[in-house]
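Each of the two complexes below includes chain A, the first together with chain B, the second together with chain C.
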Partner chain A sequence: MSLELKNIEKKVGLETFIYPTNLKLEKNTINVLLGSTLAGKTTLMQIMAGLDKPTAGEIWFNDQNVTGVKVQKRNVSMVYQQFINYPNYTVYENIASPLKITGVDANEIKERVGKVAELLKLSPMLDKKPNELSGGQQQRTALARALIKDSDLILLDEPLANLDFKLREELREELPKLFENRECIVVYATTEPSDALMIGGNTATILEGKIIQYGKTLDVYNNPENLTSAEVFSDPPMNIAKVNKSGDSCSLLEANTTWKTNKKIKDGNYTIGIRPHNVTVEKTSTNSVEIKGKVMISELSGSESLIHFKYGQSNWVSLSSGSHKINIGEEMKLYMNVDECLFFDQNNRLVSNG
Partner chain B sequence: MNKTVNQKAWLFVIPVFVLVAFNAVVPLMTVVNYAFQETFGSNVFAWEGTRWFKQILQSDRFHAALGRQFTFTFIILLIQIPLGIGIALTMPKKGWGVPTCLILMSMPLLIPWNVVGAMWNIFALPDIGFLGHTLNSLGFDFNFTQQSGDAWFTTILMDVWHWTSLVVLLSYAGLNSIQPAYYQAAEIDGASRWDIFRYIELPKMKKVLTLAILLRFMDSFMIYTEPFVLTGGGPGNATAFLSIDLVKMALGQFDLGPAAAMSLIYFFIVLLVCWVFYSLMMKNEVKS
Partner chain C sequence: MKKFKWLVPTIYILFLMLPIYWLINMSFKTTTEIINTYSLWPQKFTLENYIKIFTDSTWYMGYVNSITYVVINTVISVAAALPAAYAFSRYKFLGDKHLFFWLLTNRMAPPAVFALPFFQFYSSVNLFDTHIAVALSHCLFNIPLAVWILEGFMSSVPKELDETAYVDGYSFWRFFFKIFIPTIAAGIGITMFFCFMFSWVELLLAKTLTATVAKPIAATMTRTASTSGYELGLLAAAGTLTIIPGAFVIYFVRNYIAKGFAMGRV
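And then the complex of A and B:
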C-alpha cells in the first residue's frame, strides 16, 4: 500500500496553491504536513483524498492511477479542524453513518461502533446529540467516524487546533496509538512543530505551496536540508545570524562575538541557525559563548522563561528553563551553545549541524 | 457585592411605558371596552357581558371565515416553504449571480401591499389582463371576479409571488452559514444529495425555517390589503378572510360590539397558534 503524488500542481486562476510536488507515502506510516496557515496543507490533503483535482500531475494509489477518481469511490476518511458531525444524529448514529451508507449488517455495526466508542472513550455518551457534548468529545466523535471504516487513507486536518490546551495534549498523546494496528496511511496536518515531534513518523515541511523536505521526523528536525526547512520546524522561531569562519575561529558579523571551532568546513561566510532553547540565561555547555542582548519582551510561564532580545541588528529569542528575573530594556548576558549551531552556506543549504 | 436600592431607575422605563401605552395598550383596551358593551350613538353604552363573544363563537359566518382563513394559510405555507427552500438551494453561492438573484428576489418584498393587489387585479382581469386574457385564449374559462375557484387561485398565486422571496432569503442565509467541510464530510461518507439535504442542510436551517414559518403564518393569517384590493372578499364571500369579514362587520355594518369581540378572538387565535408552534419547534433546543 502506498500513496504517491507525481508532479502534482494546483492553480486557481493565476494563483498557484501547490507548486509541482512529488511525495511518496508508505503503508502504515503517520505523515505530518507541517507548515503555517495557507501553506497549502489543506489543498494537498484534498487532492490526496480526491475532493479536489490537481491542475497537473497524477496521484497513484497501490500502483494504480487514481487521479480524478471521486472521493466516494476511494476508501478515505477525513477529520477537520471544525468538529464536523451530523447535527441531529446521536453520537451512535454519527459513528455508524459511514457503515450504514455502505450497507453493513446491523449487528456488525453495533459491534464495531461499540469498539470504536470504547477506544475513544465515547461509550457513556452514545445517545447524546453532538451539540450536547464538549468540543473534545465532538472531535472524538468525528475521529470515531473516521476510524470506523477500514480506510486506506486517513486525513487529519489540524484536528486539535480548535481544542483547548488540556484536551489537545490529551488527544495528541492518544492519536498515534489509535493508528498502531491499522493497515492505512495517516496524514496529519498541523502548524505546530511540537505536534510533529510528539506524533513522530515522517514529516514534510511545507512553505508557500512547496514541500521543502520530507523524511523521518527527527531527521528533519535535526538535519534540516536548508534554512527554510529549519525555520518551518522551529517554534519559537529560530535565531539566525551571519558568521565568518576563518581557520579555527568563528565570528558573528553583526555583533562582537568570536569563538573557537573545530569544524571541517571551508573558510568563508555562513548563516547560522540556533534554536531558542540553545540560547539560555545560564551556561549549559562548556562550549557556550557569552553574548549580550537588549531585552525587549519577556514571557515567564513558571517552568520556562522566554526572552525576546535585540542581538546586534537581529531579533533573537532565548528559552531557558526556570523563572529568571528579567528587566525589560536592560542589557543582559546570555549563553549561546555553539555546539548546537546549524551552519548553512550561501545558498542556505545545510553544511554542518552542531 | 452590596446592591443598593434606587427607585429612580423606574424613571428610565417611563418613556417606553408611555409609548407602548399609546400604541398598544390604549387602542387594545378600547376594543376590550367595545367587546363587553352595546354601543349607541352619543357615547351611550350598555353592559352586555360575554354576549358578543358567545354570539361570534356560535355564528356560522365566523366559522366560515375562520375556515377560509385556515385553508388559505395552510395552502400558502404548503407552497411557499418548500418552494422557498427549493429556490434557495438552486441559487448560486458565489460570483455575480449572488447579488443578481438577491436583488431579483427582494423586488416583490419592496412593493407596497395595496400596489401588489392592484397589480394582480389588472394582471388577472379576464378581458384585458395579461394572465386572465392568456388563460382564456388558451381555452380556460377564467374569471376571478365571478368564479370563486378562480378568485382563490389568483389570491394564492399573488401571495406566493409576493412572499416566497422572504422564505428564499431566510433559507439562503441559513444555507450559507453551513461550513463547506460539512459537505466534504458527507461526500467522503458517500452520502447522496438527498441525505445531504435531510441530515445536514435541513437541520442547519431549522432556526431560520422556524422563523420563516412563523412570519408567514402570522402575515398570511392577518392578510387584508392584498385580497381587499384584488377581490374585495368576493365573489360573494368566497375570499372574505377573517380580517376582511371583520372590517365589513365593524365599518360596513357598524356592529361595534360583535366586531370588537371578534377581533379579540382573532388576536387570541394568532397568539395561541404562534405559541404552540414555537414551543413545538423549540422543544428540542431547550435541552442543549
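And then the complex of A and C:
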C-alpha cells in the first residue's frame, strides 16, 4: 500500500496553490505536513482525498492511477479543524454513518461503534446530539467517524487547532496510539513544529505551495536540507546570522563575537541558524559563547521564559527553562550553545549540523 | 421611575391592539349598529356575520382559493430556491454576484408594474382565473426572497460538512436530503413563513388574475363593499378571519424567526 503524488500541481486562476510536487507515502506511516497557514496543506490533502482535482500530475494508490476517481469511490477518512459532525444525527448515528452508507449489517455496526466509542471515551454520549457536547468531545466524534471504517488513507487537517491547550495535549498523546495497529496511511497537517515532533513518523516541511523536505521527522528536524526547511520546523522562529570562518575561529559578522570551532568545513562566509532553546540565560554547555543583547520583549509562561532581544542589527529569540526576571530595555548576557549551530552555505544548503 | 416602566410598553401594545380590537368588535355587531351608534362593545351581540361567511360559498370559497394558491406558491418558491441558494452559497461562477443582486432587484419594482403583462400573458395561455396563475405570479417576488434567505442559512453551514459527507461515502443527493436539508431546517421554516405571508397579503396580482373560480378572499371583501351596499359587520368578520392564518403561522415559526435574526439574514 502506498500513496504517490506524481508532479501534482494546483492552480486556481492565475494563482498557484501547489507547485509541481512529488511525494510518496508508504503504508503504516504517519506523515506530518508541517507549514504555516496558507502553505497549501489543506489543498494537498484535498487532492489526496479526491475532493479536489490537481491541475496537472497524477495520484497513484497501490500502483493504480486514481487521479480522476471520485472521493466516494476511494476509501478515505478526513477530520477537519472545525468540529464537523452531522448536526441532525446523534453521536451514535454520526459514528455509524460511514458503515451504514456501505450497507454493513446492523449488528456489526453496533459492535464496531461500541468499540470505537470505547476507544475515544464517547460511550456515555452516544445518544446525544453533537452540539450538546464540548469541543473536545465533538472532535472525538469526528475522529471516531474517521476511524470506524477501515480507510486506506486517513487525513487529519489540523484536528487539534481549535481545542484548548489541555485537551490538545491530551488528544495529541492519544492520537499516535489510535493508529498503531492499523493498515493505513495517516496524513496529519499542522502549523506547529511541536506537534510534528510529538507525533513522530515522517514530516514534510511545506512553504508557499512547495514541499521543502520530506523524511523521518527527527532527521528533518536535526538535518534540515536547507535554511527554509529549518525555519519552517522551528517555533519560536530560528535565529539567523552571518558568520565568517577562518581556520579554527568563527566570528559573527554583525556583532563582535568569536568562538573556537573544530568544524571540518572550508573557510569562508556561512549563514548559521540556531534554535531559540539553544540561546539561554544560563550556561548549558561548556562550549557556550557569551553574547550581549538588548531585551525588547519578554514573555513568561511559568516553566519557560521567552526573550526577544536585539543582537547586532538583528532580532533574536531566546527560550530558557525556568522563570527569569528580565527588565525590558536592559542589556543582558545570554549564552549561545555553538555546538547546536546549523551551518548553511551561500546557497542556503546545510553543510554542518552542530 | 422604576414603578412606571411597564407604562410605555403597555401604551404601545394598547395602540397596536386597538384597530384589531375594533375589527373584532365590529364583527360581532349588526351593520345598523355599526353605522348608527358608537359603542365600545357590541350592544346586540350577534354571530350572524360569521354564520353567513361559513355557509355562503361565495364567501368561504374565497378563503379556500387564497389558501390554495398560497400553499402552491410556498411549495414552488422553496423548491426552486433550495437548489438556487445552494449554488450561490457553494459555487463560484461567472456573474454569480450580479445575478444574486439582480434577484433582489425583482423585489424593488411594485407588483402593479407586472399586473398588465401577467394578465395579458396568462389570458393568452388560458391560465386566467386559475390558482396556479396566482401562485406563479407571486413567485416573481417570493423566489428571490427565498433564495436570499436560504443562501444566508446555507452559507453559515461550513462547506467541510459537504466534504465530510462525500468522504464518508454519501452521494450528493443523499447528502442533500438526509443531512443538508435537516441542518438548515430552521432556515427553510422561516423561508416558508415569509413566502406564505407575502403571498397571503398580496392583493393586486391576485385580484387582477382571477374572476370567479380562483377569487381570493381579499377580492371578495372589496367587491362586496361596492355591490350590495355597506355590509360592514360582514366585512369585519371576514377581516378577522383573514388575520387568523397569519397569526397561526407566526405562532409556529416564532422560535425559528428568532434564530434567523440571530444568524443575521432575515
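Observations on the model:
Throughout what follows, the second predicted complex is superposed on the first by the 354 of 354 C-alpha atoms of A that agree within 3 Å, B and C clash if a C-alpha of one lies under 4 Å from a C-alpha of the other, contacts with A are read in each partner's own complex, and residues count from 1 in each chain.
Here, a residue touches a chain if its C-beta (ideal position, glycine included) is under 8 Å from a C-beta of that chain, and two chains touch if they have at least 3 such contacts.
Remember, predicted model here, so these are calculated numbers, not experimental data.
After alignment on the shared chain A, the placement of chain B and chain C results in a clash. Of the two partner chains placed by superposition, A:Thr228 touches none, neither chain B nor chain C. Of the two partner chains placed by the overlay, chain B and chain C both lie in contact with A:Ala49.
Looking at the shared chain after the overlay, A:Asn287 reaches neither chain B nor chain C. In the superposition on chain A, A:Lys129 makes contact with chain B only, while chain C stays out of contact range.
When both complexes are overlaid on chain A, the residue A:Ser77 reaches chain B and chain C alike. Shared-chain residue A:Pro98: touches chain B and chain C both. Taken together, the two complexes place residues 46, 49, 51, 71-72, 76-78, 80, 82, 84, 86-89, 97-98, 101-102, 145 of chain A in contact with chain B and also with chain C.
Taken in their complex, chain C has these residues touching chain A: 158, 160-161, 163-171, 174, 179, 182-183, 185. Touching chain C in their complex are the following residues of chain A: 46, 49, 51, 70-72, 76-78, 80, 82, 84, 86-89, 97-98, 101-102, 142, 145.
Across the interface of their complex, chain B is touched by residues 46, 49, 51, 71-72, 76-78, 80-82, 84, 86-89, 97-98, 101-102, 129, 131-132, 145 of chain A. Within the complex formed with chain A, the chain B residues making contact are 179, 181-182, 184-185, 187-191, 195, 199-200, 203-204, 287-288.
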